[in-house]
Amino acid sequence: MNFSMDPRTRKLLEEIQELVEQELYPLESQLETAGVRSLLPGLQEVRKKVRELGYWCPHVPREYGGMGLSLVEHGLVSAVLGRCQLGHYAFNCQAPDAGNMEILIKHATPQQKSTFLQPLLEGQIRSCFAMTEPERPGSNPTWMETSAVRDGPDYVINGRKWFTSAADGSTFAVVMAVTDAAAGRYERASMILVPLETAGFRIVRNIPIMGHAGEDYFSHGEVLFEDCRVPRENLLGAEGAAFKIAQERLGAGRIHHCMRWIGICERAIELMCRRAADRELSPGQPLGSKQIVQRWIADSWTQTQAARLMVLNAAWKMEEDGQLGARKEISAIKYYAANVLQKVLDRAIQAHGGLGVTSDTPLAGFFRDERAARIYDGPDEVHRIVIARELLRPYGLKVTF
Amino acid sequence: MNFSMDPRTRKLLEEIQELVEQELYPLESQLETAGVRSLLPGLQEVRKKVRELGYWCPHVPREYGGMGLSLVEHGLVSAVLGRCQLGHYAFNCQAPDAGNMEILIKHATPQQKSTFLQPLLEGQIRSCFAMTEPERPGSNPTWMETSAVRDGPDYVINGRKWFTSAADGSTFAVVMAVTDAAAGRYERASMILVPLETAGFRIVRNIPIMGHAGEDYFSHGEVLFEDCRVPRENLLGAEGAAFKIAQERLGAGRIHHCMRWIGICERAIELMCRRAADRELSPGQPLGSKQIVQRWIADSWTQTQAARLMVLNAAWKMEEDGQLGARKEISAIKYYAANVLQKVLDRAIQAHGGLGVTSDTPLAGFFRDERAARIYDGPDEVHRIVIARELLRPYGLKVTF
Amino acid sequence: MNFSMDPRTRKLLEEIQELVEQELYPLESQLETAGVRSLLPGLQEVRKKVRELGYWCPHVPREYGGMGLSLVEHGLVSAVLGRCQLGHYAFNCQAPDAGNMEILIKHATPQQKSTFLQPLLEGQIRSCFAMTEPERPGSNPTWMETSAVRDGPDYVINGRKWFTSAADGSTFAVVMAVTDAAAGRYERASMILVPLETAGFRIVRNIPIMGHAGEDYFSHGEVLFEDCRVPRENLLGAEGAAFKIAQERLGAGRIHHCMRWIGICERAIELMCRRAADRELSPGQPLGSKQIVQRWIADSWTQTQAARLMVLNAAWKMEEDGQLGARKEISAIKYYAANVLQKVLDRAIQAHGGLGVTSDTPLAGFFRDERAARIYDGPDEVHRIVIARELLRPYGLKVTF
Amino acid sequence: MNFSMDPRTRKLLEEIQELVEQELYPLESQLETAGVRSLLPGLQEVRKKVRELGYWCPHVPREYGGMGLSLVEHGLVSAVLGRCQLGHYAFNCQAPDAGNMEILIKHATPQQKSTFLQPLLEGQIRSCFAMTEPERPGSNPTWMETSAVRDGPDYVINGRKWFTSAADGSTFAVVMAVTDAAAGRYERASMILVPLETAGFRIVRNIPIMGHAGEDYFSHGEVLFEDCRVPRENLLGAEGAAFKIAQERLGAGRIHHCMRWIGICERAIELMCRRAADRELSPGQPLGSKQIVQRWIADSWTQTQAARLMVLNAAWKMEEDGQLGARKEISAIKYYAANVLQKVLDRAIQAHGGLGVTSDTPLAGFFRDERAARIYDGPDEVHRIVIARELLRPYGLKVTF
């Protein structure tokens, strides 16, 4: 066991953090007040610089033009990028594109790679992932209504999806649809690549999340497929393989999310410490002299440390033993880190008093947007059951959902 | 001891709840997407009906045209109105106007009553309350920068305030400003009535709260006084009496807020129960069959019951023993109910899954807006110290802040 | 609604508290070190005085020689008695005798009353209640193994029970046993009165609870029935009525327990306050000057207040609407108060540092003994399900256990 | 970063666990009912076997006859030993002897080593550590009353100590006493070796902890020094060095304690899983089919994993950067792990129902004894302040205690 970080990685993280602080923090405050569209030109400049410095697509193998980082290394980078809502976008490793890149690299045909993957890797386009449906529980991805029916050389897709994040402005969607309702529970659905200009596809709305519809990359679409027809060559992987591909996508995705949340926590702790040192409750009595504030800081740091070690350990185990071998660890970090995130943000807001709920700091935006962290990619409750199922199996008890 | 509710009150509450559900729930969803201004005509109609039915200004004495309810009775009404974000406004008992009415009734001169109170009671105008300052802790209202200097027949006010709720669209503000910096800590400031059309007054911005600047009644202003001159007749109560008046205002105000939160909790529990009964996790398996969901429901109901009894008890004690005699009880409900509110909303959102964070239900709006409940009118931490101070005094320990 | 206490009750409580503090506190510390047997002579004296003062059997109707208090009034008395582990015993309203008296008064034949009830009311004997079995979940009282088979004029009982509290030294047991295994789930078992000197009855052991086997009244027996034969006249109530009688017994019993716990909480808060005022962390710095200690005190008081109001409200509702009508309220207090108890004791111990875990204060004994409060009379989880079942029924969802 | 365990260590842990399960589990249940004295002969046999197998004194350098494990390795061993209350004793690495060995190795003179250290390493004698005083807060070890006054060739010690663990049956004590009250806060006290047969030394009592006075190794003494005279050669280290030595002792000691607690957690989780699989709530419905029980298991595992990784990381950092460099990490694990321990035991007890509070499983004994874990070696609150102090220093805020 060795908890040290090699000097090369340490240097990389310092450089990236400097970049994030200097280039992205200044743009951040406009995100809430002016929306992301007004920021896109500035972000393009940053992306260009990131690419020149060789930090582009850190999670993507070198042969595809990325940095080729291991899962542990990318996790560490992700924590630094997560300190700012614009971080992952600037480095072209933002969800859902990052996950889409991963499954396209693994499953796409050469033609699909040229059409869909290449411009994504170049940062010329964005993509989205259409799985969750409003009328079906996201926690049960084997039960969905959207269908893709073969009709001659095409699939004809019908259905409604939501939380199709970043659909607004995307060029294509990876769509999960039932191709064989009679098949086994885990073989019913397939992944299909759908250009968004296809007739029959429509973004119904950017869903208002806590009153915020957002726009472009920072949005969550409700989308409709009405006799939406794409050629059968747009099938990604085998027919019936959607569940398996979705699971693959989620494994690394959960590491990415968790480390991003840890980055948010670390930023929140810094803001809380600065506030504690600078704000006075009465002349000469700093906020940080109060024991409760000290407790908030200590608990936040301790829990963030715990989450960080668990996530790195899960990433390491996933690389050693594969996703199935790290099932308990992945479920544990998903719900543990999401809960730490919510608590740390809550404390940081409380420490800021009225200022904490305003958009004058990034805390309120994180708090509002990341309430969903305990829901997406499997709610807390499902992950707890997964862990219990693994632990109870050796005792002969079969846990069902 | 008698926990029964008299039949007259019970009937009143049922009638008001029916009105809220029929007239206000339909308007509620537009509040987030379209803003309150587009709703004002519709709300005017409801207000007219409320007045015709005799429910106008429930907290105001009969001689001033209100229902003349006791604090306990108004608390019960407040819980019903709180079920919808528009409830209190429709009955003309919304904060900060309700509190302003109370202090004007008690302290205003006949001339001030005619100019400021009367149109407020009629619902012709709205008002705001300018106490908290961005550079000073709201938890310490004896330490402020805004000054009102006598200059001939006038006060000249300078300073910056924020969280001046509903300033946008208000006709006047009750402003707390230092009139004698050399006086004792609790006698430095005075309350002054400032028409917002006065030269030197300016609304700098509606502060974005979690990305939502809001408008009109649903907004929180940052306001600036630059050599803002008002006649000395606009002094409310005695010079130096501001702290005392603010405390009076807060006592009943905390009862109102707490009961409003309980109304929100009760609404959230209903939504959670309906969701638990209607949503299926898999065919034939309702969400509510899961033990964790049952636990959320049970804990939410139990804690809301606890909060409700405590608030009613505090209201009762305040009427019996006065505000000072009920100090422990008032501080206890302020922080206890605010924390129950946050937990209940959090569980209700989690029970709704992705839907919970959208604005398709009122839950997300409540969650976002009411994070501040643990901060305004005294943060949790201050109320805990107040209670400890009262409890430790008999043991000879003097607790300081 | 009226939260006032009538002057007569207030006076009664003050007198009883004085008695408890003067007569019982001095005996309390010996309880842990020397065991209850050595205290019995002293306790007899106190019991005599209690009786002379007219406080004997506060929960028992006047016609049976008790004080005839209402459930609410007895609840208030119970909170005062609960401050000391010896309180209820001294007033002859200790569990399980108090519950046994109640069901004997309601269901016993004149002969049974003369044999079993009368000496119990006089305090000449003690009794126990044998329901829970080691191999069956206490939370499911419809599933038990112990049987009572009719044989001529007798019942022959076989089975093993545990947590037969205070069996050691008791004169008789109320035993719940299956008399008709083929009957409906709630009609299988009957209540039978078994003198402990009956052949075939045996106390296997006083179960060590956290290492403490206890003795006499302060013990929990594991008891065995081996062909234990009692006359059929010892049947209490109808055959098959055991479940119904047990439920009746539990309703009021939960009020008694909860108010007893509140008494413990109030004692613990007093001890914590005194410690906070008297203990110095460094010269001149009292423990209570620390904000965390203030928070422990404030939270403990607030939660105890919440529990107290809920229990009194449940007692009131039970008297108004009967036990079924107050089902939600009773389940809510059972688990809520038990959890508050555990938290308050935990904080009080922490505030005492090392002293807190010693038997030099009553806190550690309370902490150790009352861990079971979240288990007996229905564990937390069962009560939560009961509440959810009641709340979800109107929405058409049937909750099963 | 590398989370793998080398095969040698893995094998060692498996062998030790087998030994613990086969040799010590069978003795464990007698510990509560019969006391440790009756077990000593059996334990001697196990100790002999441990020594023959080469596992004796795992934390002691090879040149002193131990296994010479690193702090991380010994931590891993400690977690296995902690599964049983008798584990550390059987391997001669029990507190307080383990810590005493460490400071004797580092600071003792050759003569002291021969007299005190050697028989301790051999397991021929036991020792105790007398620091905490009843009238002074253990959290402030710079404020104590016990004095050691030079008188000719001797020190004359006067004072009262408590929580002198395992004093009963010990051969000598390491005593912390003020030798120069006028010196700086951290230089006032010295460590002195006191044979317990010295005149003037007396064990006043084995302090009852939650009603359990214990005996021999499993006891906590209150001890009195009355003109207790020892030669000045019994000074350990320099005069005035006691605070520094105590701190050194505590650093590694906290790692040992934390890993021991993790062993307890792992045992508790196993017991909870077995109970969940084996116990039926109704025919065919295992306890573990309940979602709340699954949640207890999942949360317990997750939090134990978090604690385990944090402790190993702290041990690693302490070896790399020294105790001062790992100050935040050590404080974090001390309070985090102690709280996890309490929660895991609480859940395991709840999952066992009534059985959980009995001494029929080891859970109740762990629960009772380890409540003190949040108090000894620095209470939660002090460790939180240490962390906040470290985190706030870079922002220019000086945190005081």
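Residue numbering begins at 1 within each chain, and the chains themselves are lettered A, B, C and D in the order written.
Simple rule for what comes next: contacts are C-beta pairs under 8 Å (C-beta built on N, C-alpha and C of every residue); 3 or more make two chains touch, one makes a residue touch a chain.
Keep in mind the model is a prediction, meaning the values are calculated, not measured.
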Identify the chain pair with more contacting C-beta pairs: C-D or A-D. A-D
Between subunit A and subunit B, two touching copies, which fits better, same or different residues at the interface, with half of the numbers shared as the threshold? same
Just how far, in Å, is the C-alpha centre of subunit C from the one of subunit A? 52
Find the geometric centre of each of subunit C and subunit D from their Cα atoms only, then give the gap between the two centres in Å, rounded to an integer. 37
If you average the CA atoms of subunit A and of subunit D, how many Å lie between those two points? 43
Subunit B residues touching 2+ other chains are 290-292, 295, 381
Given the complex, residues on subunit C that touch subunit A span 290-292, 295
Quick check on the complex: what are the subunit D residues that touch subunit A? 1-5, 72, 269, 273-274, 276-278, 286, 288-289, 291, 293-295, 297-299, 301-302, 305-307, 309-310, 312-313, 316-317, 320, 328-329, 331-332, 335-336, 381, 383-389, 391-392, 394-397, 399
Which of the residues in subunit A come into contact with subunit B in the complex? 32-33, 132, 134, 137-140, 143, 162-163, 207-212, 279-283, 287, 290, 292, 346, 349-350, 353-360, 364-365, 367-368, 371-372, 374-376, 379-381, 401
